[in-house]
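In the two complexes that follow, subunit A is the common piece, with subunit B as its partner first and subunit C second.
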Partner chain A sequence: MTGAFFLGWRYLRYHRLKSLVLLASVSLMMFLPTATRLLVADSATALTARAQATPLLLGERGGELELVLNSLYFHAEQPPQLPYSALDDVEDSGLADGIPLYTRFRSRGAPIVGTSLDYFEFRNLQLADGRMMGLLGEAVVGANVASEQGIGPGNNLVSSPETVFDLAGVYPLKMRVVGVLARSGSPDDDAVFVDVRTAWVIQGLGHGHEDLAQGKSSGSVLSRAQGTITANAALKQFNEITAENIRDFHFHGDTSGFPLSAVIIVPPDDKSATLLRGRYQNHESGYQVLVPGEVLDGLLETVFTIQNYIILGLMMLSLATIAVVTLVFLLSQQLRRGEFMTLKRMGASRGFVATLIASEIGFVLLGSLVMTAILSWVTRHYATEFLLSLVAL
Partner chain B sequence: MMKKLLFWSVLILLGACEEQVTDGSRLDDHVSKPLVLTSNYPLYYFASEIAGDVVNVQMPDIDGDPAMWVPGAADIPQLQAADLIVINGAGYESWLAFTSLDTDRLLDTTEDIQDLLLPIESATLHQHGPEGEHSHESIAFTTWLDPQIAIEQAGAIARGLSALVPAQAEAFETRLALLEKRLDELDGSFEQVFTNLKNQPLVFSHPIYQYLQKRYGLNARSLHWEPETEPGTRDWIDLGNLLREHPAKLMIWEATPLDTVREKLVHMGVRSVTFSPAGNQPDQGDYFMVMKDNLLQLSVGMGQKQ
Partner chain C sequence: MSGIQISNLKFSYASAGGFHMHIPRLDIAAGECVAIVGPSGSGKTTLLNLVAGTFVARSGEIDVAGQRLHNMTEGARRRFRIDQVGQVFQAFELLEYLSVAENILLPRLIDPDGRKSSDAQQRIQSLLASVGLQDKADKMPGELSHGERQRVAVCRAMFNRPALLLADEPTGNLDQDNKQKVVELLISQARQHDSMLMMVTHDHSMLDAFERVIDFAELVDSK
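Up next, the complex of A and B:
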């Protein structure tokens, strides 16, 4: 029997090209439906895990999916902004805590997430190095941002201007990195976190400049009349917040009207969550409260429907492949008639020849199984990342 | 061949068993005694008196006036580790606008007495860019100089501590009652001394005595003079003009002024008296000793011994 396996193995090795084509065809036939299922299942798990861990989201009325994807993954389009007072309203209700999110800006491609310290506790994010942001202008970066940009505590980050040609628009703010988060395997690894007020400074809602009441600023003063000082264009505004100038930073206007992308609502129990959702059900409030899990379930339902169509197509393709592979084997037997006759003349039994043919098929199938397992492992390993890159689009 | 297959199978199995390992420190810090930080000395004193040794009450090491303090990077870990941060409120802690803290751990001692707070009227308007005219208005923040407001603030601290250590609520209440009694006595002493000044014009070197002025009905005007700085010519002219319409014989300083300034004031018929607001930790004694010294200084300044 060992001789039959040996001859089978030698035959496949001798006809390498034919064997490889067979191996690849059978592997792909087995891998494609498996990979589709794995990809969808793993991605769905990754998507829903973060959504399930986020009880409620408050946002301005508009695209639900946009609000959820932006708040959970910091990508997709910016949802309509809501004022900071919406967060106060949630907290004043006494039914839940609120965590602000403002994700409008970026730094070298990484989203800058303006939030509060509660976010880190809520997501159970831990520090790998340094400390949490504590002062205006300080930033904590995710593990991937730190490794990709080669930065850590003590380094600086600069916010990206929104448009190159908008000279009157948002100016870059130099931020000091004070901490690096431990890897969490979530979109938090790819983000830069700042206090929401730092995000407002990036937007220009808060700024720092020389004290106009001081004599040293006389070069920047256009006029002083009846207790009113008017500055000219020479007024120096700071593009970095330092220990020396932090006192000169201030916000103009009522901060309760300043923008947020969303508010993560953290109710203590289901009853509070239900009561809160009820309050925002009428359209008068202008806001919407979403359960991220429910919104993503809708998205996944569509994904699963598409997946079923794809698998159906792949199954038909597999049937065709099986037919072709069978045909290849049958034709191969016809072509090898002389070889089998020689073996019989040399004293090989019919069983020996059958074992030889079976071993060749077995080796191809076994090789295909191994290939499928390897490819599936690779797919599984990168499935989440792949999905998130799709979300980023 | 079989060995290779076995190798790959083991590799795949190991991959399936892979777990995400995270390291780093937890954000939560655990300390044996709750850590309470205060933003100035009066609050530190009140909190220490009420807390006893149940709570670790601390005040950041501040050089100068705590109202002007801005935490440095080195102060942030302590601030973020505190279980409770007792603040004066009324705009005293301007540094709150620059810091990221867990707001649930902030205890604003004047939050419930907003109607007692006094706005500062003189705010400079300025204009730059498209935002138009604006100013940075504020509220008078040396609230504790009115002992009755100080009592309210002490009450807020006691409530905050009780929420932090509910088992000690009764002890906190007992100690609060003692502190309130002492503050009431201080109020009585102030009333007695300031009664003699009610109809006299006074000058404050700095606009920090608004609550004292309101509480005891003082007829006072404020300057912007610093005790350690020699006033300029313009300042002396302004004072002369002020004294013509407001003939004050007494000027109250937050710290001892320069001798030259003191003498020049004497020539103008104005005596200098130091009344420390006790914003920062005194070199010697405690809050009540500083206030007792203030009373003594006032009595001497008015020519009457306490």
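Up next, the complex of A and C:
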């Protein structure tokens, strides 16, 4: 029967375009439901992995999903805020450690995450180059930020102004890169990390300027009365924190009221976590404690429902495609009746002709399976990452 | 007895209202080249199909090249067609998706016992050379003229060195010049391989080349 396979192969090769269209149709028919499942499953895994690794989140009462997405993926432009004292409250409870997150600002599109050194240990982030930030104005950048912007230890980066035309708004701060994180395959690769106090400096809550008490700054003094010095508009403000001027940076007011976006709560055990969650259940606190995994599960339930509808639609489409492909084959056999008759008149059996037709169908199905496998592999290895990057998660 | 002997052959189509054919006697000697003429629809092509073992007679006897077709199973008749019969059709019936060489190899490709042999390519080349198409082995049928296609069909029919060469109006689609060439080719190939040739034709200008002309109307019993 090798002759029948040879004829089948030759027929498909001669009618290349027709065969390719057929192969593409069958491949798509098999690939689309598979791809939908793969994409949803892989995206869900990628989404939940980070959420599962984050025990609890404390944030301003309000949108749960927004709080989780912003805290895990640094997604929001203007995240809701809670005061730094909320972090103190968590730590004072003795039930858990807290890690501050302040994610309001950006540098050339990359989110600036104001946090503490505990964050790196918590996320198991390693340094690829340089050292961790230690002083005000120092930054550690994710692997992607370093490669995309071509920066490393010793280089500088500048925070983006929130609005160009708002004179009272946030001004750019020049920060010194002291370290680059090793690639972790997480949103941390795309972020710039600074101490939370540096983020407050970017916001203008802390600032540095020339020392008015010194005589050389007399041109900037409007008045001196009873130990109070009032500066005029000539006062020189620093937009970069250096070893020379770091002593001139200071914060006005009580830092316990300064803003955070969220606090990652790391309880030592389930009991502590439960007790802590109980404390924030009452609405009067104004805060909420969330289990990120549970919030994302809710989101994924919706996604899976939508996925089922999409797959149902694709199945209907597949049935229609099968019907069309079958029709094409039947019409093709009709047109080839003369050819089959010639083969039979020359001595070919019905089995030979059936094998010839089956081999053509087999080759198309085999080719489609290979194509589907390749497309699925590409989807599995590249599309999920691409999809997640599209939604900036 | 290596020619064709037909006696008291009766055949009718199951679905063709009332057509039936009765041939009391027909003898063709081994190596003989005969032309069969007669009106359309009289059963000439049916006779070729019966002699080839494609159709089965209702009754009567057909002996071809020493094989008793009327006693054969379907499988044995297929084997007989592959081994003993070469056929040339009016519309050439070459497979458009096979090259000239592959079309000539077709009797080997459809043969369930067909084995690859080193002499196949040699045989194809020698057949093509005998019809003047030695440089066309890799061409596709669509690239050939009608006359060239029919010459390839003759090569295909001769590939297995058949005892019987059947040609059903092989000149029907050809111009006068090619008609003459194809008939000469069929006869020369049959003689060269010591094969019998039965050619059905409506073209009386071709008949002089044959040793015998059979008028189908005189062959069948019209009662």
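By definition in this document, the second predicted complex is superposed on the first by the 381 of 393 C-alpha atoms of A that agree within 3 Å, B and C clash if a C-alpha of one lies under 4 Å from a C-alpha of the other, contacts with A are read in each partner's own complex, and residues count from 1 in each chain.
We take it that a residue touches a chain if its C-beta (ideal position, glycine included) is under 8 Å from a C-beta of that chain, and two chains touch if they have at least 3 such contacts.
Predicted, not measured: the structure shown is a model, and the values here were computed from it.
Once subunit A is used to superpose the two complexes, subunit B occupies space next to subunit C without a clash. Once chain A of one complex is fitted onto chain A of the other, the partner contacts of A:128 are limited to subunit B, with no touch recorded for subunit C.
Of the two partner chains placed around the shared chain by superposition, subunit C is the only one that A:343 touches, whereas subunit B remains out of contact. Applying the stated contact rule after C-alpha superposition, one finds that A:136 touches subunit B and leaves subunit C untouched.
Touch criterion not met for A:18: it reaches neither subunit B nor subunit C.
Of the two partner chains placed around the shared chain by superposition, neither subunit B nor subunit C is touched by A:108. Between the C-alpha centres of subunit B and subunit C, as seen from that of subunit A in the superposed arrangement, lies an angle of 150 degrees, given as a multiple of 10. Note on subunit A: of its two partners subunit C and subunit B, the one contacting more of its residues is B.
Think of it this way: put the two complexes on top of each other by chain A, and the tightest Cα contact between subunit B and subunit C is 19 Å.
Within subunit A, no residue touches subunit B in one complex and subunit C in the other.
Residue ranges of subunit C in contact with subunit A, taken from their complex: 49, 52, 54, 75, 78-82, 85, 87, 89, 91, 93, 95-98, 102, 106-112, 114, 140. Subunit A contributes residues 1, 3, 6-7, 10-11, 13-15, 338-339, 342-349, 352 to its touches with subunit C in the complex.
If you check the complex, the residues on subunit A that touch subunit B are 9, 97, 116-118, 120-121, 125-129, 131-136, 138, 178, 181-185, 195, 197, 209, 212-213, 227-232, 235, 241, 243, 246-247, 249-253, 366, 370, 373-374, 377, 380-381. Residues 1, 5, 8-9, 12, 15-16, 20, 22-28, 70-73, 76-77, 79-80, 94, 97-104, 124-129, 131, 133-134, 136 of subunit B are the ones touching subunit A in the complex.
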